[in-house]
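Below are the structure tokens for one structure; questions will follow.
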């Protein structure tokens, strides 16, 4: 691995770009936190015809020392480039970083057990719900999305089990991963709004949207109807959206993309780049809940404690989120 | 009111359509303008009516200079026009069409049609028209549509009335009525400019005749002048008006139609129990007032109609229910009523238009391969044969005048082996020169032993070409008479009068 | 239209497009500069402001050029040719666009407005990918079979539209719009099925197509330039031939120009509708196949990107003529490739390219506007293709 | 009855389709299912007068009941058809019956918030209705309008940003029409003055708006979100008394001002198009411009005016996405609804009510799939999402058939051109 004084670090973002209120944004934010150690820049895949290979090539040509692929769609481009350019270091978000099953020296995978934080969110939602009905929906039916939803459903079920309550989970059924409620894309705000309305009419009072920026729509509906609260996803929604909505964010399920990216960059800067797969968990802070913010008062202390405890239990493995 | 044009000049690019034209029309005068296709008549009139802007020249109404830049100016000056291509919105009712541009609204802002209905009734009664203000124009026969245009002009009391080829689409009866109406209007002081290709009409109504050739006034004539004189003035050479129809042998039956019935898209019966035969070397003319089902009958001959019952036999093979292509290949030549719409593709070159219906046969195509060289050579021949005037066979057909367009259609249909020729209104809108040519061609085909089914609203044409005449009325064939029938009898039949 | 392919193409005919392009770049530049905070901060000192603005736009465009055509920075000792890498990228991007563009153009000439290239592209890509990774066949044969599979599925998906219109009169614009969504969701679904999942993984990325099914590289392993572009050129010539030199093309153009006259001349309009849409679909399907077999290799839910809609723009920009479509696609390919680099180097949002593309089309479609801006009364211009609206 | 007209054949095909579907529904939904479970329909959203709160009925018997109604409906339709009378009402009843029969089957053991289902359908079709109205406005006067998508998006962007900067939804609403008008001004200018192909234009304008809004979004709305992109949203206004009407009330009369304006716009456009001087002239200009010109109507000026107004309508509709729904602007948030609106306009045969009907059909189908995927179906999510699009294709090819655009739609008018 090359030891540039201040390494040139380049992020290959997916089409969402630094403003997707989701993993791309977190990655960029994470990189910003270590600006002092490296000069960081990014490219975004062209939403019109995403050409990931071209995107990564442009970074290779741009003489970057460390290239971080963000978004699972970029995986194969990063793998190829890593094999082709042993002198450049690579990292790939949402991918174990193996090339046909084997690890290679200059490629590090960054994955996240978001089902764990999903599980916590589900538990929290179930505990907070007055109606006993909680709901989740996704942007499109793909693993990075459904992992959260799956954890959420299981967490809620877990709450029901240990508290001998009946909790209804709308939008996702772990037993039947082909079905579920999805918007169909990540941009149709008014569809997301309508889905949230429909959830409320089915009695749901906590909604967990796993659809990037579309969580805004759910928050708006919640604020207007006062019938539900929302758990944000990926980054802390509380800070991302208009202050008028502060009252509806029950919490946010963090995906430590930023932290992981920062970690890799630190290693690079210190010349300690390695290919040990990084898995963000509750244990290592790679995922976790953001905080209750304005609703802290409304969430019973007992519940907050229970959630905290559950977090520890999952971290130590006494409870499994799968 | 008098109208005078001084030095009107208009050119389209290189082509000078009107070349400093002077013209004076007195109050109550019927002034006929004669000229070949493309002579510049419509252009001149469109200028008077404000639809086109003259490059030079002045227009005087009652000897005072009038600025006419918009149709509204013309209307304001009391100039009305019935256009060659009707200016009616097909999906509107008669009343809507007439009120258009002169709308009056009720207090609540909605359209007020009552007044106009009354006006329509008044004018109709005065001139004995039968027009229902609430009929959709698209459902009216052409003759009636033209009435609507005239009514409009009269309601907005035009002092000068321009009629551009008004009789091109009318039957003898309708024509005679129109001529009477024109007289009546003239007597009441309306000045009329009357454009036509039909010398007979000119001689009947015109007080004065101006002849235009290639955009220039080439002379004036009195109605007393003979048709031959007028014709040669127009075309600049001698023309034969009545082709001689030599006697000739008649062969066996080529086309036989039995109990034919046709419905339109709205399920209305347009043609019913029609039966007739056409023999080789014979011209059977289907005469009749526009809108009595001839168009549909003609279309049915090559299966262009969708809802047909009965039988059409060409030789031994049945046509009904087969594809259009099949009918054409069986040996039917089809000259459609509207060359612009059904006959030609305006963006295609002359050569391409010449192979529309046989582009996938030899010699033009081998397999799916078109052979442009052959197509071009063939086009050169066909056009020479049919004396089409053009710069290059690669020019778009739209650059030709109506007469030449029609010759292209004939060239296409007749320069392939056929047994039957179906021709609808083959000379509509054509000038005498072109008409002469078309007529000679049709007779030549007949003499070559082909069967000809001619659809025409032109009495003279029917009598000049037909061996037998079938008269259509309200979708049925009223009678089939020999061509020795007198125009009067024929006219009565076309009007639906069968006398014992 | 019986001119040989190249006569419809003259240098003179390039003056306007060039000016139109310059104009669009100018407006794009304004946008870049005026939205650049570094520039805005200097608003108080006119001179500095203009300098900064010039620099801002200048750098962006330099990067755009370097990303699209030629970037000396890429040359390595004894490997100067590497500087042409960007050009290769541009061509790679242009290939599928040409094919999809031809699809739209051909349908347009037959009087049909094919908004459905996107969906047809998707099905083409799907089929090609499946054949490409699932079967094992000898080199060459595998490639051909995969490409044909894509073409076939695309043509079915497209022909369906023509058939529906011929049979029921359902308007192709409605049907194609709907079919695009259906195709997309179908793709999302199938990517989740075990057939299309990489063993041991669960993210919706199909396995890469096998080497034996990939389009051969044209310029060595340093460049992604592959035979796809040649396929595209060949097909462009084919389409030109089909339209202008065959009886089928004659029928297409006739029915496209005047349905009534065509009917009267015995041309079966339903046949034209169905076959024209089938051929159009085949072309778009092939585009998808070329994309997957040439540079993308792995099927994802975003595989079609925006090709199907860019296709409409390039086809219209190319006046629905094969040559024009090819040229337009090359331009768009270059802009697309340059955009990524521009963003990498100058952080200029990639979307500015959309603006430039739109302006180019606008100005080229509106010669009079450009002429009046540059005072070029004399210059003669080919009339645009006439839109016939919905009634075809 | 032999030799039916095309229209009649289409109608007959429609009748038969309905009859067959009804029968299938009766057997499939009514007889076959194992039965037992109930379906619960909820009829209340808010504190409206309660007629019935809930309606619990056996899924099986409900399916039978409604399928029965559908069958009756189709029989009536057939008799009407034989009598050559209009079959609109009968078909409406049949379709409704079919739908309810299906719903009762699909929602067995579930709770269906009936009122909410309809209200949601209405809300989802709001942008479609505005969009298709814009289409009707401009195409009736002969200018093809594919730029609806762009006009919607521009309206959404402008209203969002302005509302955010001024902290006032009112300003957002006021600005939106002008944003749409800016786009349609380009359309009018290039299409009418420079007579450029209108289909190219529409497409390009969409691309242009996508590019501009995406660009500005990244350059301004993201960095300065709190000031530029944190707009307020409209609150629903209950119309006194009306909103309490059972079922209908909360659906139609508990909405934001945008929806009320939509009602007025549709009625107004319909009336003016068919009952006023302006409408007569507009239709004339769209059908036969030369004729209109020859009676002294300034064709191109009228077209220009109408295209601009069309843009304002769509632009205003765009405001629904931001101030009407989520407040902030989201990248490409119209997500192709402008094209659905275009389809709805054609589907609706260029008539205001037709377009409204098509839009509602689509919106309702979309929400129905949403509700059903919540209550749970065995059908994979992606196929549920397809449903509204498939439904549209079936409707278009099964019932609508060939449509006819205004004769001069898309043809630039130049005087003295070939008549």
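A, B, C and D are the chain letters, set down in written order, and residue numbers restart from 1 in every chain.
The rule is short, and it goes like this: contacts are C-beta pairs under 8 Å (C-beta built on N, C-alpha and C of every residue); 3 or more make two chains touch, one makes a residue touch a chain.
All values derive from a computational prediction rather than experimental measurement.
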| item | value |
| --- | --- |
| Remotest chain, chain D as reference, centres from CA atoms | B |
| Distance between chain centroids, defined by C-alpha means - chain C, chain D (Å) | 31 |
| Rounded Å distance between chain A and chain D, as computed from the means of their C-alpha atoms | 35 |
| Rounded Å distance between chain B and chain C, as computed from the means of their C-alpha atoms | 48 |
| Multi-partner residues of chain B (each touching 2 or more other chains) | 346 |
| Multi-partner residues of chain D (at least 2 other chains) | 214, 218, 380, 382, 385, 407 |
| Chain A residues counted as touching two or more neighbouring chains | 17, 47, 141, 178, 184 |
| Touch relationships between chains, expressed as pairs | A-C, A-D, B-C, B-D, C-D |
| Contacting residues of chain C [partner chain A, same complex] | 67, 71, 73-74, 85, 89, 92-93, 185, 188-189, 192, 200, 202-205, 208, 224, 295-298, 300-302, 304-307, 310, 336-337, 339-341, 343-345, 347, 349-350, 353-354 |
| Chain B-facing residues of chain C, complex | 1-2, 244-251, 253-254, 257-258, 260-268 |
| Residues of chain D defined as touching chain C within the complex | 144, 190, 194, 196-201, 203-205, 207-208, 210-212, 214-216, 218-220, 336, 339-340, 342-343, 346-347, 380, 382-383, 385-386, 389-390, 392-393, 396-398, 400-411 |
| Contact footprint of chain B on chain D as seen in their complex | 2-8, 271, 275-277, 279-281, 283-284, 287-288, 290-297, 407, 415-416, 418-419 |
| Chain A to chain D touching residues, read off their complex | 17-19, 47, 135, 141, 170-171, 173, 176, 178-182, 184-185, 187-191, 193-195, 197-199, 201-202, 213-214, 216-217, 220, 224, 241-244 |
